[in-house]
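Structures follow.
Across the two complexes that follow, chain A remains constant while its partner is chain B and subsequently chain C.
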Partner chain A sequence: MIPERIKAFLLPISILALLEIWARAVDLKSDSLAPPSAIAAALVKAFQDGSMLTATRDTLISAFTGLSIGGAVGLAFGIALGIFHIFDRLMEVTIESIRPIPSIALLPIALIALGFGYRMEITIVAFACVWPILILTRAAVGGIEPRLIEVSRALRLSPADRVRKIIIPAALPRIFLAFRLAAGIALIVAVTVEIAINPIGLGAAIMTAQQALRPDLMLAYLFWIGLIGYLLNTALMLAQRHLFGRAALVGDSA
Partner chain B sequence: MIAAVNQGANSLRPGRAQIVFSGVTLNLGGKAILEGISLDVKPGEFLCIIGASGCGKTTALRLAAGLYQPTSGTVAFDGQAMLAPRRDIAIVFQDYGKALLPWRTAAGNVSLALEASGMAASQRATRIDELLKKVGLPNHAGKYPAEMSGGMQQRLQIARCLAQEPKALLMDEPFGALDAMTRQGLQDEVLSLVHASDATVVFVTHDLEEAIYLGDRVIGLLPHPGRIGIELQIDLPRPRDQLTTRENPEFLRLRRELFDFIKASEA
Partner chain C sequence: MNRSVLYWRAASFAVAAGFIGLWQFIADQRLVSPVFLPGPDRAWASLVRGFASGDLLDKLLGTLEHMAYGWFVASIAGIALGAMIGSSRTMRSYVAPSLEFLRPLPVSAVIPVAIAMFGLTQTMALFVIAFGAIWPMLLATIHGFAAVEPRLYEVARSLHMSRLAVIFKIALPSASPDILAGMRLSVTVALILSVVCEILAGLDGLGHWVLLSARSFRSADLFAGVMLLGVIGYLTALAMSLVEKRLLKWRSSGH
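This part shows the complex of A and B:
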């Protein structure tokens, strides 16, 4: 178990070591690259002066608020569309024509309507997160074992109980998977909005570092964003395994 | 207690039917699945329905459960039209693996029926223990369906159905997927459970011997469209026994008759 884990870190560590050796050998002076040691130093310094924490906070607030809002909307519509086929048919064209719009393309409109800051960024993140959750929740609800629906009918469960005791638990493993995908998208879209225009968060910090001709700081932010994404996904995967280990297993074998 | 009261009521009105099909026809997708089915099932009767595959046995059961509505004709229960499922009619599905909630334990699955009937949480635990004991799963309350054998899962589904305190139990090839030994054991358990509860049973099976062994009456359906082709009264003595009942000359005669019927219906 432990040797396997070490193996997984072997490659990135050797690449970093090689880069460091190469940078020192050629006495690297570049606007886009920096030796790993300089990147690490810039990272530590950014943490010490608080700028890294402020930027991280701004990005995560936008990403998670957008994820919550978009997730809630996607979940509600996904369940409704999965249950009521008429509603699904009614919304199909509308959804399929709005969904392909890249969330970033909303930026000019959102900027005019909401200005710079959290609100605009959260709106765009929420828009991006609605779709994966809506589509996957709809599929999860539509794909529930029909026998379970018959059981709920035979027992005359109330509509609320049917959703609460049958539909949501049966669809939950797949809904959680959708949430995990959406969390990744939320982070990507938040940073993209910041790089493109919004002067807050990690994306804006990368742009500032670039304009100050500080490749070490720029790459430090890049590394940190990658690490946040990795940790987020790992945490959600662990949660998924703990929460739905059994249910997911049964769902797969069925 | 309730069973005793029901029995009293039944003996007062011996002729009154509980489940009544009158001229029931069902078309699905422009195709006639069942045509002109008329059928009375008396309270406490054990009726078995047999027929070649695709003859509409399961569909008939779903009509009785109120899961389907007839295209024409009526299905009535205790004198009321079946426009929707009723909580006092329980249905045991063949595919127990799909009918159980995989995220709930055995106790949780039984609890679902009690929750549906609005039983207070404080009273459920005792009732769940009773029901699991009744179907022979007293030590498996905390297990998930995936941790149980097929026979145990089907017992669990039966326990959930008994939790509804059903007046009628509709069983759709409940033992079709089980091995022969498990099946015979469950046949006897169902007979004794039904005897104790006095519920009416409609039992769909493709196993002719199972139908004769269990039933008071056997109905055979002809396919395309499904209609009643044969009706046999089974007067074999009760309690039935896996060896002596199956060796009874009357059992063998009935088996021959049903076998010939199925053969002719497939020709």
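This part shows the complex of A and C:
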């Protein structure tokens, strides 16, 4: 029997090997494909001249700034809506009519209001990140054991203390899950905005590589973007498991 | 419907109307330049005008068409591939880890590759939308097939059912909640990617419409397009959850 760990690598390795052999056999000249060895060389070269790092930095700055802003707004509203039921019911129609707007549809609005650059991208990322955090925080706060709230009332905690000492700790595992999902969304939206229109970051770099007819560089960027997405997701998943134990992963299907 | 629920709903609509009033006020007082922010009256007028002239309807249908084709292809391929991979333990252990690696990939990153392969064409959009929308369904189907109660498979074996019969009579119904949830997620992905492809390739659709409106600073048309995209997002999500509820009725009534 082959161990599971090795089985996982067999498929990608054999695909890469076949691609390499085929590309060499037919002496591939293409605008969209390149042999894996050329992709690896392009990746190394892009790292050496620093262009890969600059692009990665730009994308991550936009994604994380947007995530922090959107996350803070979503968290504040989520907690408020989860605590004050009246507020939740009053805001329902407003929230449900803004939420379904695809974040990328705001791109032209952000473009004319803010122009190209970080600010426009951060705004769109923030808008996209508000919703998952708001919805999941609201559910998490609403689902807190009612007796904990009673305790806080019996202790006569001030509202600020009640949020800080009871509500946030009790809802934290699910808020972290929301944060993890939103981090994935932030990266996706940032790259999408860059590919569609914004001339900074990894998305713009991969578009430039395509327009320059450099399939090796384009695929190197594609691989690198995928790797960042995977590493981000894995790191946050590990952090979640480490901080909150396996229980936190229950009900995590997304 | 309960009476108090109705009152709350009315109050909630009143709050939303209040926000629209505030928006109108800000636009009227020119607190924000009208170049960026048209009042709701101008946006609404533009929406009505767009539909009256048939322009906006064409764009709307264009976007819906891109979404529908891509989503349809992705549904068929996603469920078929998912069934193939999910129903075999060997396939799962070879293929699933690679899929897990690809899952967090920002799908829009394949757009340049698709452009290099197909140019700025409808085929490119179809490929990108289908590729993006396939993931939620593929992974949900694999998960659903892998989570089928093992005893059901034992029953199938003792009844000497063929593999196809097992898939259609046992695995698919049992995995249907996962698959439907995946299909619902995919609709959203398909909408977003349709807009991106229209923006990039200039294909007929709302994405192209909002970009052109922004370029020529017709902010009322721009807002009309964005509102329409929100409506699409809302209605498709609503339709999917109604379908889901209807198809999964047997589950809740069984208990």
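Basically, the second predicted complex is superposed on the first by the 237 of 254 C-alpha atoms of A that agree within 3 Å, B and C clash if a C-alpha of one lies under 4 Å from a C-alpha of the other, contacts with A are read in each partner's own complex, and residues count from 1 in each chain.
The rule is simple: a contact is a pair of C-beta atoms (placed from the backbone, for glycine too) under 8 Å apart; a residue touches a chain by one contact, two chains touch by 3 or more.
What you are looking at is a predicted structure, and each value in this text was computed from that prediction instead of being measured.
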Mind working out whether A:149 is in touch with chain B, chain C, both or neither, as first, second, both or neither?
neither
Please indicate which partner A:236 is in contact with in the superposed arrangement: first for chain B, second for chain C, both, or neither.
neither
Give one of first, second, both or neither to describe whether A:28 is in contact with chain B, with chain C, with both, or with none.
neither
Is it chain B or chain C that touches the larger share of residues in chain A?
C
Considering only touches as defined above, state whether A:203 meets chain B (first), chain C (second), both or neither.
second
Pick one for A:225: touches chain B only (first), chain C only (second), both, or neither.
second
With the two complexes superposed on chain A, say which partner A:16 touches: chain B (first), chain C (second), both, or neither.
neither
Output check: A:72 vs chain B and chain C. Expected answer is one of first, second, both, neither. What do you get?
neither
Which of chain B and chain C A:181 touches, first, second, both or neither
neither
In the superposed view, which residues of chain A touch chain B and also chain C?
253-254
Which of the residues in chain B end up touching chain A in this complex?
65, 67, 84-87, 89-91, 93, 95, 97-99, 101-103, 112-113, 115-116, 144-146, 164
Counting only contacts in the complex, chain A reaches chain C at residues 4, 7-12, 31-32, 89-94, 96-98, 100-109, 111-113, 184, 187-188, 191-192, 195-197, 202-203, 206-207, 209-210, 213, 215, 218-219, 221-222, 225-226, 229-230, 232-233, 253-254
Along chain A, where are the residues that touch chain B in the complex?
145, 147-148, 150-151, 153-157, 161, 165-166, 169-170, 172, 246-247, 249-251, 253-254
The residues of chain C that touch chain A in their complex are 8-9, 11-13, 15-16, 19, 35-36, 93-95, 97-98, 101-113, 115-117, 181, 185, 188, 191-192, 195-196, 199-200, 206-207, 210-211, 213-214, 217, 219, 222-223, 225-227, 229-234, 237
